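Shared between the two complexes below is subunit A, which has subunit B as its partner in the first and subunit C in the second.
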Partner chain A sequence: MKFFRVVFVGIVACICGCGGSGSDPSPADNSKDRQEMLIHWADNIIIPSYDNFKVKFDIMLSESEEFTSSPSNESLTAFRTAWVEAYAEWQKVELFEFGPADRYTLRNFFNIYPADVAGIETNILDPLANLEVPNSYPRQGFPALDYLINGVASDDAGIIEYYTTGDDAPERIAYVSKLVGRMNTLITNVITEWKGSYKDTFTSSTGLDIGSSTGIVVNAYVLNYERYIRSGKIGIPGGIVAGVSGTAYPDKVEAYFKKDISKLLAKNAEDATASFFNGVNVTTEAEGPSFKSYLDALGAKDSSTGTLLSEIINDQFSVVDSKLNLLSSNFYEEILNNNQAMEDTYTEMQKAVRLLKVDMTSAMSVTITYTDNDGD
Partner chain B sequence: MKNYFQKSTSAAPLAVFRIIFGLLIFGSIVRFWAKGWIYDLYIKPKYFFSFYGFEFVKPLNDYTYILFIVCALSALLVAAGLFYRFAIVSLFISFSYIELMDKSTYLNHYYFVSMICMLLIFLPAHAYFSLDAYRNRKLASDSIPRWNVDVLKLFVCFVYVFAGLAKINSDWLLHAQPLRIWLPAKNDLPIIGSLFNHVWVAYVFSWVACVYDISIPFFLMKRSTRTWAFSAVVVFHLLTALLFPIGMFPYIMIATALIFFPGEFHESILRKIGSWIHVSEEFLLPRRQFHYSRISSTLIVSIFAIFFAIQLALPFRHLMYPGELFWTEQGYRFSWRVMLVEKAGYAQFTVRDAVGKHILVDNTKFLTPLQEKMMATQPDMILQYAHMLREYYEKDGFQSPEVYVDSYVALNGRLGKPLIDPNTDLATKKDSFDNKPWVLTFNDEIKGL
Partner chain C sequence: MNYLPTAKALVILSVVGLASCNEDEVSHLRPNIDYSLATAETPYSQLFVDANGTTTVDLAEGNSRHKMFQALNYYSTSNVSANTHIDAAKLKNLFTNTGNPFTDISTSTISVVGADLNTADVQLRDVVASSLSSSDAEVVRERMEDLFDQIDAASNSVTTTASQGIAGKLGTYLVDAKGIEIAQIIQKSLIGALELDYIGNVLLDKGLTADNHSVVGDHNYTQLEHNWDEAYGLLTLNPIYLAGSTDDTRGTVEFGAGSYIWEYNKANYAKIHPAFLKGRVAIVNNDNAEYQAQALFIRTEFEKALAAAALGYLDKWKSGTTDASRAHAIGEGLGFIYSLRFAKVHGGDATFSDSILTGLIDSPNGFWDLTVTKVNTASDAIKAKFGL
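Right after this comes the complex of A and B.
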């Protein structure tokens, strides 16, 4: 028993010693309370973001009805403006692909590009075309509308003609209505679920295991940044993800037919990522419980310099932002003229991916995985 | 010494151990199946990470289910003590085969189970309270050589003590890593949850776990401390079961600790069971001693001597490699280093060829999330994966593809940094037990064993 006593004294001594160093932030506040964070996300970020998107979407919906009932220069321009605004606002909700949005796989039906032009033309002629299957994803959503209101002819007169003359005009009109109507149904379902029972489900799952709310948010957030912002908006069209040296794929940019809004879309997505990281309240713009406050509460930092991990991540977001600012508003042209700028942006985004995917998840003890299994 | 090998002891502890161990393995296999992991881990993946030297051990497509059935039935037979020798060999082979199919599912406690099975092959665990003994009264014995039970105790000592010694390192003791990362993740547990918001709790857990591991076998051995020690075993392992996703391990360790209790304790258990199933007094007390033939006794003792010599050496083999063990993981497996690291990684591979074709590899196309996660932090798996990619892209039209990796790994709360030299063409590097010079240096020090 003497051994026990010695060990016990040793432990006590050490704990006192360690406690005395005072290097750890006091956990007396509730900054490590994940439920507060979940409630803040749901009430002050996710649901209001969807509401904001729905406002813009509804304008696009009514302008599209205006356009389909009487295609004209005026109705086309109004529809197009509303489409740009809704598409830009979409960037602020695309990252919420968990919970209801994940169940409906919302992104698949809203923003898979480049648009499949031949497929769209086929679908127009087939009113029974199945829009649920994977090959139909690039035939619907914002990218398909991009083609339908910006790309079917070289000028507006041609576009209006596409919907007014010719045998297939009624089918074309019908397809536009069908796509917009379908988007409306899906986004309405998602918002209804968030405002219904899902919010409680979301805020009461406070663990960090696989399938817990924080776990699925982290996974969806990182996936969105890596695959749909870094690769989708920059890496793939820039020829960085795959290809032959010196070849890029400018026709794979987001909003290829409209062209001059690709930077606007990318900036909005990047900003939404940074704002979510900092827990920025969509209505008041004040910061609330977030990845940032949680990481700070955990004391996540670079042990060699003492810099907080959240600061390092925010700095990297700023660097990415400054690289995006250097790009032309039209990525199609940027890729053709100065793809190096795209590559530079990609490189900085890649650094942000590492910080989010490795440093943040590791500090939070969240696993990037969808398969569960024992560990040891 | 010679005297020691002549000593005999009650056969009951080994018999109880056989029954519980068999049932627990059976339960583990059923649980594994029920969770759908046979499909997820061994049938769905397109590629598998073999252990070096065991490349022939591969999943068997749909027949993998049969492998698990064989394993489960063998475990039941072992528990019942029916066709014991055959069953325990079959259990050892099927269980080990399963564990060798894919490195990404490696767990120390699976290795522990394999090794216990191997020891049991040579032990007369069926001599008492078994169907074999029931059918063959000449086998039935209530007394066996003492070293038969002691080898199991010794092996359990090895596991605990090495696990404890491995915890004597600066990350574990001085920084409470990785518990300080893992515990706050459980701060939403009822009652005790809020404790985990405090860093000092992580320190207490780290120190207690270290002392527990090193000392518990000795307290289990001493009669005066045994009951308390066993309560500690139960509390400790149930707590780990509550806090960490470690499956059956806590229950296996709790059951294993029973081996330290004396013969009378186990006899009373078996007597109780015996009275339920109405077995004869003769079956419970055959009054016979189990003997090995002189030659098999010598042979088995030699085998065990070699076994323990290897067990003693394996945890120290990392000393033959330069670099930080937790970082390079050269000599990390099979050495009872349990729950010591929180390691997360990211490995972005680029395949290119002389013509200028290049592609950034989408890992999800080749690996399951679990495989990707394990691969990203372990250099030997990164190399294996690089070779898979070389072969795949060679068929896909790349001419002598070169494979590079942009890797990034965070270890125990440190900020991430590259693990592998990004300028090394991994396609040309061969796998071996040699040091891997293309693993970058850790540039930090974790002091300890």
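Right after this comes the complex of A and C.
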């Protein structure tokens, strides 16, 4: 029985090897497992996460319309609340910067901070300002809205004045509308593509090579954790490079003008990372095929202790979570008063980065391609 | 009924047999080498000796040009690092091996003895784009020299911080007023115009029709053998190309195309050395079909690596978080896209490359005007052409 199976596999491998133009069939081909994982990711995590985000976004969109048609204390407060909720929900989709989101570079237009205040003011006066070029990234998205609804004046009366009196009030109103409208177009494109042809493309690319779905997800996931959670939310504002703190830049925290939501945003991003690792179904909250189950199936474990790699990674996520819990809800204050706590958080996140970027990728035989290896 | 066809078959067989016997007598300069001796661990030169046991492999010309390319590149990059001026006349001399331009270089990755290259009796310029008509080749060579003038001009601003319309440095990279890193355009253009074109379209294409019946002058090799060796020697300085490499770690020091084939063709980089060896054995064995097949394989995978590199750097522009990282990525990408005109197996030509380049940077501020829409258009065109 076993003998025949081996022969059969041999023949199949030979046929593929001789006739195919694709990559070699690997001896332990887990492509079926990967396809189940890809389908679960698409159907039960990625698309529902985008849907959840879109619900919050649409509320923000309609509150922004209320505000721009009649700026008032009430409409400003409602817009701001909706902005916080949408920004918090964004943290659960920012990690999906592959496929359609990568094509449109969604993150570049949704969450590059610190906001470029001078650039925003320039753009307000230039109705033809190009919002596609890189220098426009920090002039739009959630960070620009942060400035526009929290930072243009020191209190709400001043903010409302900014949009009601003064020569440029109509242009300012128009810019808010333009930014929210642009975000709507982009996120709608991304969701439409996921629900259209891209889902099949994604779930049928079951290899492990560069450009395969598993390959791009691993790269995007690790990049997001390393650059946009560890460095973006903690390391850069805390002035922590390679675990050592230098000059801190508290004005580079996420949601700098709102200030008291930076921890909420970071926690959501961290939770989304851990949940994705464990394949948590966004609707049912049950775990499904995931990095964790895939690593377990490969038998990835610490060779000296025998502990499963997935367990080590989950433990590290818990440690990071406990460090985040110790931080103030306002990272700006935390950096000024107790940057050591930011450093401690960074240190634990860095351990998670190594586990994901080195141990997980080598166990999975996925190549990290987002770093430049050529040394020039 | 059975008899006739069998007889006919016998006649045909014997004719074929005679024909191949005759051919053997004329052409069999060397005893056949068993293909099984050509393994992934066999050093390139190991199997090939003449009747006296003297090697028939001479990698000098290929290796010399490889080092000239390194030296030309090093001249630009070391000046950029040191914030010193880059002299176009010096680059042109390095390009044509004029006036003893080469000097000793010793770094962790480059080992050049200037005098060896100065006396090597080869140059880069005359093989650049040499698969093309002489007038078309001249266009490519003059463009390289124009780039030397451009980097010379940009290097006057090497202590300035670059911004839109202002040449200078972005991070560690020297860019011109349009944000283009000329050093990368030069290096990546030569990967195509020098390495891919000369290896792929000359030595491993037209070069395969060369004589294989007699040795060249007082050398130990036939012209066909030598063409093949020159291709290998231009690609790599190592006895086993990419020996000991894994997908994550390159096992040898490689430069130019040799490095990018590893980085951007993970599926097949490990098969390049065996293909070179097997093709060389096939030449000894006068097995035309076999060395043609190996040459086509090498060319195809070489081209795919450059296309994937172009795509990779376009993606790195998208994911770049600073102007410096974006400028460096697009500089590399633009150079590779230029080089795709030499990807003849996939139907690359100047029109293909230039239309992509125009769409990307033919705007008043070049790099500074780039958008994800332009970059996606370029990526889509490359993916379609190369089936990636």
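Here is the rule we go by: the second predicted complex is superposed on the first by the 332 of 376 C-alpha atoms of A that agree within 3 Å, B and C clash if a C-alpha of one lies under 4 Å from a C-alpha of the other, contacts with A are read in each partner's own complex, and residues count from 1 in each chain.
The working rule: a residue touches a chain if its C-beta (ideal position, glycine included) is under 8 Å from a C-beta of that chain, and two chains touch if they have at least 3 such contacts.
Keep in mind it's a predicted model, so treat the numbers as computed, not measured.
Asks: More residues of subunit A are touched by which partner: subunit B or subunit C?
Replies: Higher number of touched subunit A residues: B.
Asks: Figure out whether A:197 sits in contact with subunit B (first) or subunit C (second), or with both, or with neither.
Replies: neither
Asks: Classify the contacts of A:362 with the two partner chains as first (subunit B alone), second (subunit C alone), both, or neither.
Replies: both
Asks: Between subunit B and subunit C, whom does A:312 touch in the aligned arrangement: first, second, both, or neither?
Replies: Touch partner of A:312: subunit B, not subunit C.
Asks: So in the superposed three-chain picture, is A:133 touching just subunit B, just subunit C, both, or none of them (first/second/both/neither)?
Replies: Only subunit C is touched by A:133; subunit B is not.
Asks: Give one of first, second, both or neither to describe whether A:209 is in contact with subunit B, with subunit C, with both, or with none.
Replies: The answer is both, since A:209 touches subunit B and subunit C.
Asks: Looking at A:246, would you say it contacts subunit B, subunit C, both, or neither? Reply first, second, both or neither.
Replies: first
Asks: Would you check which partner chain A:104 touches, where first means subunit B only, second means subunit C only, and both and neither mean what they say?
Replies: In the superposed model, A:104 contacts subunit C only, not subunit B.
Asks: Mind sorting out which residues of subunit A both subunit B and subunit C touch, each in its own complex?
Replies: Touching subunit B and subunit C on subunit A: residues 24, 209, 362, 365, 367-370, 372-374, 376.
Asks: Under the touch definition given earlier, write down the residues of subunit A that touch subunit B in their complex.
Replies: Against subunit B, the touching part of subunit A is residues 1, 3, 7, 10-11, 14-15, 18-19, 24, 27, 32-35, 206-209, 235, 240-246, 298-300, 302-304, 309, 312, 350, 353-355, 357-359, 361-376.
Asks: Going by the contact rule set out above, which residues of subunit A touch subunit C in the complex?
Replies: 23-24, 102-105, 108, 130, 132-135, 209-211, 223, 227, 362, 365, 367-370, 372-374, 376
Asks: Within their complex, state which residues of subunit B touch subunit A.
Replies: Touch residues, subunit B against subunit A: 35, 37, 40-41, 105, 107-109, 173-174, 176, 181-182, 184-188, 197-200, 203-204, 207-208, 211, 215, 225, 244-249, 338-339, 342-346, 348, 355-360, 368-370, 372-373, 406, 408-410, 413-416.
Asks: Per the contact definition, I'd like the list of subunit C residues that touch subunit A in the complex.
Replies: Answer in residue numbers: 77, 184, 187, 247-248, 250, 259-260, 263-264, 266-267, 308, 312, 315-316, 318-321, 323, 326, 328-329, 368-373, 376, 388.
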